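Structures are listed in the sections that come next.
Same chain, two partners: chain A is paired with chain B first, then with chain C.
Here is the complex of A and B:
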C-alpha cells in the first residue's frame, strides 16, 4: 500500500491537466485507504481517552495511557515484538539477497533456474494460519524436527513448549512464509541494474565484492529501504502465527503486541485500553517510517 | 464512468488520452475503445449478479430468518445439527434457521466480534466462562421472565441447569456433565486392565498401559495454552474438588491457593516425571488428544461425555466408557442464551424450547451420549445402559461435586492459572508460588467486579 501511495504521489500526478486522471486511477485505492485505515485511526484516537463500562464510553483523559505504560505485560510484549521484528527483517534480507543473487547469476540451464525459482516461491502460497498448522506438526515433540534434533544433538527439543525455543520457532515460520516476496523484490531490483555498470567496473579492475558494495547496494538502496519499511510494518503487527501456534505461550515467550491487543481489545472488551495500545503501536510504526523515509530520501539524493 | 468512457470513445478523433503530444489520434482512439470495453465489462460483472439474485429472492424473503451460533457440528456431526433444525422448521414452516459455526475454541472470539458489531445471533450456544464478557456488551437477554411465563417448560428443567449472573438467568444449560475419565474399552480389555476407581489407583493403571517404545500411553495431559479453559476446569479443578479443595469458598473468595491446590500440581508432576503420561504435555491440547484417542495411542482422557462423539468421527471402532466415579467432580454444562437484541424474540424462544424438547433430548442421550439438561433425560433408562453416561447423573448430583462458577474475565483468569501451572512444570516456580500468584491475580480481578 505504501508503494502505491508513494508511487501515486510522485510529482506528475499533481501537474496541471493530469491531476484528474491520476485521481481516477488511484481513487479506489484512496477510498480503501480512507475506509480501512484512516477512518479507524481517527476513531481509535479519541476512544483511547475513554473507558468502556456498562455499555457506554466515558471520558477519562490519559488514564488508559498511564495504565498502559505502567503495565509490565505491555513492555514485555513490545520487547518481544521488537526482537521478533528485527530478527525476521534481518533473516528476510539475508535469505532474500542470497537467493536473489543466486537466481540473478548466470545459470548453465535456464529451465533448471526457472524450476528452482518456482520451488523457492512455494512457501509464499501458504497463508499464515496454514503455515502455522504445518509447522506445528513439524515442531511437535514427536515430529520431524524434534527427531532431527535428537539425532544431531542427542536430545529432543520441544520447540513450542520450551520458552527458550518458542519465539525463534515462530520467527523461523514467518521467515519461511515470506522470504519469497523479498527475494522477488530484490531480484527485480537486481535485474534493473544495467549490466554496463558492472562491465565498466570490471574494466576498472573491481572484483565481485567491490562491485556488490559500490554498484549493487547503492543502486538497490531505494528498494532496500522500502522493503525494510514494509517488512517492519507487516511483521510488527503479525498475529495469525502466534494465535495458531502458541497463543502467546509458553510462559508468554511469544506474547507479541498484536496478541496483547487482541486479549485486551476483544476478549475483555477494554476498548479504551486497547485503543490506547493501538495508538502507541501506530506511533512506533510512524517513528520508524519517518526515520526510514528520511534516510531513504537522503540516500536517494 | 460508463458515460464518460462512451463520450470519450465517440469523440476519439478529436483528442487523445494519456499523451499530450500531437499526432497520436489513432493511439488515443484505440485507448478509448479499450476504455469503453472495460467500462462495459465492469458494468456487466457488477450488474448481472445483482440482477439475477433479485429474481430468486421471493420464497426466502417470506420466511423469518433465525440465526443460531453453535460449535456442535464437530461434536455431534453435521447431520445431527441439521436434523435438529429440520425438525424445528417442520413444525414452524415460516421459519428458516441458519447457523453460524465455529469450533468451540474459536466461538468465543467470534461471538465477541459479532456482538461488538451489533450483529449477535438470535440464539447463541454459550459457555459459562464466556457469558460475562458477552453480557458486558448488553447482548444477553434475561431469561427469567420467559421462564416464568412458561411454567410447563420451566418444570422440565432441573434447577441446576439455570445459570444466573448478577441475579438474572442468562444461560440455561443445554447439556450437563461432570468431568471424568473416559477409557478405551478395547485397549483395556486387550491389556487385561480394569479402569481406575480412584485418583490413588490411577498411576498403577497407567503403568500397565504404558508402552513407550510404541508411543502408547494410558493418558495424555493437556497443558497447552491453546485451551486454557480445559487446563483450568479439567486438569486443575477436577482433581482439586476430589482432593477436598475449592475454587471459590462460600463467600466467593478465591480458595484454590490451598494445600489441595498444591497437591493437584504435584500429582500431575509425579506422573510426568515417571513417564506415565504421553510426552510433551505443554504442547498438547484437547484437539491433539482426540486424535491420539482415535489412533488409540492414548487410552484415557479426562474430559466430558462428548469425547465419544468426537473420537468416533475419526475412528468409528473406538468405544469409550466412563470410569467409575472417584467421588466429587467439577460439574458444569454448555448452554444456550438468547440475544437481547433479537428481532424475533418469540420465534427464538420457541427454537430454544425445541432444543430442550423430549424429541431432541432422547436422540441426544441415546445417539450422542450427551447428558441433556432435562429431568426426563436424567431419569431416562437409556442412560444406565449408556457406557458414557451411566455415572453422569450421580456425579452431577453428588453433594461433593462443585459447579464451575460464572466469573468475570474468565478467559483471563484461566490463562493466569494455566501460565502459573506451566511455570511450575517448567521448573520456574514451585507449586506454592504458582497457585499463590494465580490466586492473587484472581482476587484482584474479582474485587474489581464486586
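Here is the complex of A and C:
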C-alpha cells in the first residue's frame, strides 16, 4: 500500500526524469552566486570600453586596451608576476613533494606521523598579514635572518629594503604560507596509489627510484597538473601577502599585476582602464582554467 | 641466526633517520612561529638586542597586557567574530540546500551548472576588485559588515556546494525513502535522517568558511575604513609598517589572532583535512 503511494507520488521526487523541484533547493545558492560573482564579473567587460571621467562613463572603444599594452608599468608588473608565480609553483612542488614523501614513508607509528603532519600544516592557517608579521621579525635589521646572513656572508642583508632581495624574500614567505596545502594534496594522492603496485614492481626487481618514475609520477600526473594550474591561477593574482610586506617596493621590485590593478582602479579611480586590465587578467585565468577543466578534471567528476 | 639482528639494526637506523629528519624539518618550518611566540613574552627592550636571542631573558606578559588594553584591537577581534560567524552560518545553510538539491534531483542542465560552479571555485577574487568597490559604493555598503559577509560567502560557496554534494551522494536515497515509507514526510526524513548523517560534511564546510573568512584580507582592506568594521587581518596589516610600535606587542597580537584557529585546528583537524583533499581532487 505505502509502496504504491511512494511509487505514484513521493517517488517522483527522486525520479530519473527531469525535475524542476530541485531548484527549490539549489535556487538560493544559484541566485546568490549569480548576483555576487557572475554579475560583477560581467560588468568589467562593458566598462573596459568606457573611460571614467568626471563621475561618468564615456565610450572610447579599444583605446584603453591600446594604452594598457603600451604601458611600461603594465609589462613590468606582468614580468614580475610571472617570475613570482613560476618561483612559487616550483617551490611549492619541491617542498610539497619532499614533505609528502617523508610523511608517506613507512612510519612504524601512525599516531606520531599524524602529529608531524599536523605540525607541518600549521603555517597554512596563518593569514597573510599574520605571516608577514612573523617574518618581519626574522627579516628586520636586528632580526634572526639578518644576523645569520652576517655570520655566513659577512654582511647584513636588508631583505625587504634591498631591491635585489625583496622579491626572493616575499617568495620565501609566500612559499612558507602555502606549502602545507600542496604537501597535503600530494600526500593524499600518494596514499591513493595501491601498495600492491609497488610490491609488484619490487618483485620485478625495480628499485625505489625506478618505481618513483614508473609508478608514482604517472599515477600522480592528473593531480599534479591540477595542482600546478590552480597554484598558477591563485598566485598570478595574489595580493595580500606581498602588499602587506612591500606594497610593491622597494623601487617597484615586487610590483605585481594585482598592485597595478589596485593603483589604477582604486587609488586613481580609473575604473574603465582598470576594467580593461581586469579583462586581460581574467582571460589569462580562463585559459588556464579551461585547460584544467577540459583535460584534467572533466572525466573524473 | 646472525641475520635477524642485522635486519633489526638496519630498521632501527632507518627509523632514527626518518624521525630525525622529520623532526629537524618540522622545527625549521615552524621556526618563525616558535620565534614569534617567545618574542611575545619578552620585554620590549629585549626585542632589539643584537645578536638576537630566541628565549626571553625575562619572561613577561607586558605585551599581552598592553595589546589587550588597546580598545581598537578588541574591536577588530569583535568585527572578525561577527563577519566570520555570520558568513559561516549563511554559507552552511545555502550550501547544504544546494548540495542536497544537486545530489538528489535530476535538475535540467545539472552538469553545466555544476561545472560552472567548479569554475567559480577556481576563479580568484582579485579580478572582481573593481566591480566590488564600485557596487559597494553605489549600494552605500562601504564599511559595513554586510558586504564583507556577502563577499566571503560567495567565495566559499562553490567549494562548499561541491563538497556537500559529494557528501550527500554517499548517503543512499533508500534510507530517506524507507523513512518516508514509514510515514515520515520528506522534510522530516531530511531533518531526522539525512541531516544527522551529513554532520561531518557540514562541520567541514563550517570550519573551512570560518578559517577563510577569519583570514580574508583583500576585500576587508578595500571595503572598510578604520577599526569600526575592519577585521583583525586589516588591523595586523596596519602594524607592519608602523616602526614606532612595540614589537613585542605586535607579536602578541599576531599570536592572539591565530589562537581561535589553533583551537579549531587541534580539535577538529580531521574535518579540515577531509575538506581540503576532498575539495581539490573532486
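Going forward, the second predicted complex is superposed on the first by the 247 of 301 C-alpha atoms of A that agree within 3 Å, B and C clash if a C-alpha of one lies under 4 Å from a C-alpha of the other, contacts with A are read in each partner's own complex, and residues count from 1 in each chain.
Rule of thumb we're sticking to: a residue touches a chain if its C-beta (ideal position, glycine included) is under 8 Å from a C-beta of that chain, and two chains touch if they have at least 3 such contacts.
Everything numeric in this text was worked out from a predicted model, so none of it was measured.
By the touch criterion defined above, A:158 reaches chain B but does not reach chain C.
By the touch criterion stated above, A:266 is placed in contact with chain B and with chain C alike.
Once the two structures are superposed, chain B and chain C can be ranked by residues of chain A touched, with C on top.
Residue contacts after overlaying the shared chain place A:250 against chain B, while chain C stays out of touching range. Residue contacts after overlaying the shared chain place A:55 against chain B, while chain C stays out of touching range.
In the overlay built on the shared chain, the residue A:142 is in contact with chain B and with chain C.
Touched by chain B in one complex and by chain C in the other are residues 17, 21, 142, 266 of chain A. By the touch criterion given at the top, residues 18, 20, 108-109, 112-113, 116, 133, 136-138, 215, 224-226, 228, 279-280, 282-283, 409, 411-412, 415, 419, 422-423, 426, 428 of chain B touch chain A in their complex. Those residues of chain C whose C-beta lies close enough to touch chain A in the complex are 15, 18-19, 21-23, 25-26, 29-30, 32-33, 35-36, 39, 47-52, 94-95, 97-98, 100-102, 104-108, 110, 113-115, 117-120, 122-124, 126-135, 150-151, 153-155, 157-158, 161, 173, 177, 180-181, 183, 186, 211, 214-218, 221-222, 233-234, 236-237, 239-240, 247, 250-251, 254, 257-258, 261-262, 265-266, 269, 272-273, 276-277, 280-282. In the complex of the two chains, the chain A residues touching chain B come out as 17, 21, 55, 139-142, 158, 160-163, 246-252, 263, 266-269. Across the complex, chain A meets chain C through its residues 2-3, 6, 10-11, 13-26, 28-30, 32-33, 36-38, 40-41, 43-44, 47, 99, 102-103, 105, 107-108, 112, 116, 118-123, 125-138, 142-144, 147, 176, 179, 181, 184-185, 188-189, 223, 226-227, 230, 233-234, 236-240, 243-245, 258, 261-262, 265-266, 271, 274-275, 278, 281-282, 285, 289, 292-293, 297, 300-301.
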